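Here the structure is laid out as structure tokens; the discussion comes afterwards.
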Amino acid sequence: MARYLISRTLQILLTLFAFICIVYFIVNAQPGDISNVYAMNPELPPDARERLQNQFGLNEPLWKQFLVYVRNVFTGSFGVSFSFYPRTVADVIAERLPRTVALFFTATVFSFYLGFLLGKIIAWRRGGWTEYATTIGGVTLYTVFTPWFALMMIWLFAFKAGWFPIGKFLDPVLWRDAPIEANTLFGRMMLTALALSIVVFVVFVITTRLRIAGARLIQLGSIVASVAVMLGAWRLTGHGHLAWDIVKHMVLPVLTLTLISFAGTMLLTRNSMLETMREDFVLAARAKGLPEKAVRDKHVARNALLPVVTSLVFSLAFAVDGGVIIESVFSWPGMGQTLVSAAVAEDLPLAVGAFVFVGIFVLLAHLAVDVIYVFLDPRIRY
Amino acid sequence: MAVDVAPQEAAPSIRKVRLTLAMRSLRENWSLFLGTRIGVIGLVIIIFYLVLALAHPILMNTVWEERVYDPVVGYAFDETRQPAPPSWNHLLGTDPLGRDVLSQLMHSARTEFLLGLLAAVVTVTIGTTVGAVAAYYGGIIDTILMRFADLMVMMPGISILIVLSALIGVEHFELALIIGILSGFGGASILLKSQALSVVVKPYIEAARAAGGGPLHIIFIHIVPNLLPLSFLYMMFTVTGAIFSEAILSFLGLLDVRMSWGLMIHTTEAAGYLLQVGAYWWLIFPASLSITLLCTSFYLVGRAMDEIVNPRLRRL
Amino acid sequence: MAAAAQPTSPNEDRPLLQVEGLRKHFPAGSSRFRRNERFIHAVDDVNFTLGRGESLGLVGESGCGKTTTGKMLVRLIDPSDGHVIFDDGTGEPTDIATLRGRPLKEFRKHAQMIFQDPYESMNPRRTIFDTIAEPLQVQDIGTLVDRLDRVMEMLALVGLTPPRTFLFRYPHELSGGQRQRVAIARALIVEPSFVVADEPTSMLDVSVRTGVMQLMADLADGLGIGYLYITHDLAVARYMCSRIAVMYLGKIVEIGDTEEILRSPQHPYTQALLSAVPVPDPTVAREPVKIKGGVTTLINPPAQCRFYPRCPIADDYCETNDHPPLEHKGQEQEVACYKA
Amino acid sequence: MSGYPLLAVEDLTMHYQTRAGEVCAVDGVSLSLERGQSLGLVGESGCGKSSLALALLRLQPENAQILRGKVLLDGVDLVSLSEEEMRKYRWNRIAMVFQSAMNALDPVYRVGDQIIEALEQHSNAARQDMVERVGELYKLVNLSPNFIQRYPHEYSGGMKQRAIIAMALACEPDLIIADEPTTALDVIVQDHILREFGNIRKELNMSMLYISHDMAVIAEVSDVVAVMYAGKIVEYGTAEEVFNKPIHPYTRALMSAFPSVTGEKHELATLGGEPPNPLDLPTGCHFHPRCPFATEVCAEQEPPTVRRGDHWADCWNPPED
């Protein structure tokens, strides 16, 4: 297991290197001299231009420029952003990365759960109108023109119904005299969520392993209890209302992202279920006298999960792309929105920096999926 | 070798038999396709847009006056205020710059089809070749091609297109090529390779080798024909991806294109009508719905083909 | 065939195939980061001869290396070591173990293979005509019309009549027995001098199996083709082959005249194999099989007799000495056992 | 004792609905099996023997339908039971050993847990007792107890088959249906498993329905033999009678087509033609196009049953006794 993880991490690092090379190639392979774009940007004061030229080694030969570039990537210095001058690219990214991670992670968990659940059901009821309706609905959501769909969500839930804010990360009026930095607070919120999921996970593992009666009840109880404790703790800090503001801003983007991506998992689960249902061990499970629900959940769905998780790897890049669009429509100031606005404003250092981080993010998600897969499939031992 | 008369007689008759066989299998698949329902829905939508796309040049040459109805430089002189709501002259109204929305919609449909088709053909050509070659040769060739494919798959496609189009001017043709190359070397080759791998281990490949068949014979006579159904299916998904990407990029104003559905929405946004959904619906809905419908329809056709091509999904 | 037959070949008494020290070692559990030192000894020092028009049965359990051996003889697998001297009396004797390029393609006209699975050994997208004509097509023999005539002839020969009705059908429209007949037609269309048949009847139903066996036997007699008949079924080997070779874990442990071996098997493994075959007579109670355990590993096996871990009669001598060589025990019978 | 035979199948008929048309896989099959007896069902691929096995457990695929007939287990008609009641019969009374043991075990669970899963369905015993029971079963089928906690992919082919047999024995069923359990195995392993299986069965006095295409295996394991062709049972009798004095020409053809390793090398008889297409069965006697003794009436009318004691066959032209 440890060896597998190490070798996988090495592979990922290698891929990352190749990725960075490709980015460099893309940036340099275009007509005209890239150094002009970097150095001659009119928004830059002369002294900054000087520094930039040194930092990127723009006066050096090409191979040295490449080495400098690689060093810069691995030390996280992507130079100075044009549009956020004088902030560095690294600084901008450090502020925005957590927001994207939170958005993406929540939406992925929701959409995977929803997709798997629905996929299971439509596979079991093949041929009925439920299946056609769900399939067509799901496919439509999956292939919907995302900006328009996001817009419709805003229009419906924020503009007309007024349930949620129209966009952005927080409400500036509320935060004008806030005693705490938004990012610090957001960091704490994420820590809380992490602690909560660890507690719930541990309870689940223990109750399943022990095979005690009433495991369901204990699980449910523990969730309710820990959520209550968490809410109480936040109340006591006095920042509860500020945290709530951020949560409120998060709901609509997460919902939209979930809706546009769950169908991928759903359709895949369906196909995978249909293929698994033909296996002999499913017949054997029925012959053993297991009720249909147990056959479906314990045997068919459990085995059908494997290919679904495998292809989660493929869909990660897609999900990140979806996130980019959603962020920019909702003006959620994360990596995606940064990438788009930097590209539109031709803020090259920031665009490249954001893109590299989006790439790293996808790679890490891959690694996570690989690890999960090892736990799911006993046939894989390293 | 002396050519005698007989082959000229036999060759056409064999060809005729082959044609008959091909038609028969096409008919069988067609009836299976009709049975899937979702495929039929998709096909109807595709045909609808195909008709729109084909009708545009005809209309422009007959009924529609060019200086009014040109999708890019036309102006609706008959309307006093732009954007104008739908009327008899302009069935879907005009955009903020006074251009006819229906004409724009129909004109773009053609571009979308061409873009999708080109991207899909490039993807599948690359994917099928790479997949077949990697599966047949294995070893180091396979490793290199597949590591590269892994890398391509991990690339967030839209993001890379965003960066690219910020760096260089991208038009429809280039966009189709880039999408084709990205997905051809990425997802398509991985998928088609795994399919090719299941073909390569079949005894008939060994039988062909025992008969004296070389790599080219085996790849193009045995492996590729068995990949074609899956390739064709993957084409459908690539069309969806290409149209979708184009729409996103032109919506963000990053493409150097003169007219497309994405650009129509971009224009609407730039003019500030985007959240006035009720009042200016004709600016928002036609283009957005068209993108969605066309993407969905190709995807549905792909799904339906999956039900036919994948024997493990077939009904008993 | 193009090559002119020499009226007086100096090697008239040479066998069709002479297999010497044939080996195949596959790397086991390869890893990208470590150098590989573990090998599966799939075929290990195999020697035998196959006369012209003779049929030799290669018998053994699954995984004993019989298919690998067969595939090496038609060069679908490259041997790791050893020689296979091929001489059909029409040309120079050649060592086919190291052939490449054009000569290899030329050799493929002389050696063909019939595969086990009639359902998978034909491309489902090609018609019967395409399948049978493929060897002619890739070898560029004859015009389209010639090929058509040849295919019709072959179809009639293997009993698929009237041939016209089979030409443009697809494999899935045929039954297992018919497909195996197509496979035979395809293998014989280039008039090979020997054919490796890899369990050609094991997946067929009993009621069509004998028909296919009969056909193969008749064709072998009529066309003078040498067969290497691979099978796990001693009873089938008895009916198809004049000689049999019993393989165990990559080695031939006993070889000789079929009836002689069946009457008095010398090697304990052959004895076990024989006594394990069920008898279609409810009144007969068979002796229990003496050997124990399952097949042991082929990865870097020790030098001692391969059968030692399961052998009921082995002693210390067997443990400490190398794998025994094949020695004459009967008239035509050779056995690799110290204790036999 | 209730006076009923353990298993009695009466006029069981099952159809498949396929795209190409309707297939009658099991056509009016009647059988009976006493407690402790072993019935060998022999026939070629596609003759409906596996369909019959699945129909007994009511596990036929979705597109199949039992049209009529009864499956009486100790006098209770399984066909008329509700799904919920039927579940209680599965494995507890009738267990099954599957054709491909390789695929009959779920790859993601430990083999021991899969056996316990079957036990849990049919008893309320404490978990500890079930674990012990699995240990006993492993001893019974000669498997090392170390393997209880392992996954199927760590087993060899023969071991998987043993594990499946252990699983089938778990609830001490009255009847075990064995569907070609040793077809994929080598002869020596097959020999070991057949012997052990036979011994255990006699020890526990269980009945068995053994399905195979291999006449020799059937001869070794069964007391009573039924020969199936194109969905029908064409001959039925004790093993000795069927093998020594076969009535139906199909049975006779099968016997003489079988090559043997012992005794004199007899000429193999070749049966002409191809197995019938289930979508388009011949009229009259389904076997008539391949039958060397067929007369006109065979093609026109269904054959009558010829009885010789308990031994019977459906044939127009039976050989003289």
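Per-chain residue numbering starts at 1, and chain names A, B, C and D are given in the order in which the chains are listed.
Going forward, contacts are C-beta pairs under 8 Å (C-beta built on N, C-alpha and C of every residue); 3 or more make two chains touch, one makes a residue touch a chain.
This one's a predicted model, so the numbers in the text were calculated from it and none came from an experiment.
Should one ask which of C-D and B-C has more C-beta pairs in contact, the pair is C-D.
Chain B has its Cα centroid nearest to the centroid of all protein Cα atoms in the structure. Chain geometry summary: the mean Cα position of chain C and that of chain D are 33 Å apart.
In whole angstrom, the spacing between the mean C-alpha positions of chain A and chain C is 56. If you average the Cα atoms of chain B and of chain D, the two centres end up 52 Å apart.
Chain geometry summary: the mean Cα position of chain B and that of chain C are 49 Å apart. Counting only residues that touch two or more partner chains, chain B has 315. Against chain A, in their complex, chain D makes its touches with residues 54, 57, 59, 87-92, 95-96, 98-100, 103-108, 117-118, 121-122, 127, 151, 153, 167.
The touching residues of chain A, counted against chain D in their complex, run 211, 279-281, 283-291, 298-299, 302-303, 306, 376-379.
Across the complex, chain B meets chain A through its residues 37-38, 41, 147, 150-151, 153-160, 162-168, 187, 240, 244, 247-248, 251-254, 265, 274-275, 277, 284, 288, 291-292, 295-296, 299-300, 303, 306, 310, 312-313, 315.
Those residues of chain D whose C-beta lies close enough to touch chain C in the complex are 44-45, 156, 158, 186-192, 194-195, 213-217, 219-220, 222, 239-240, 243-244, 250, 253-255, 257-262, 265, 268-272, 274-275, 290. Those residues of chain C lying in contact with chain B across their complex are 71, 74, 76, 105, 108-109, 111-113, 115-117, 120-125, 127, 129, 131, 134-135, 138-139, 143-145, 148, 168, 170, 183, 186, 190.
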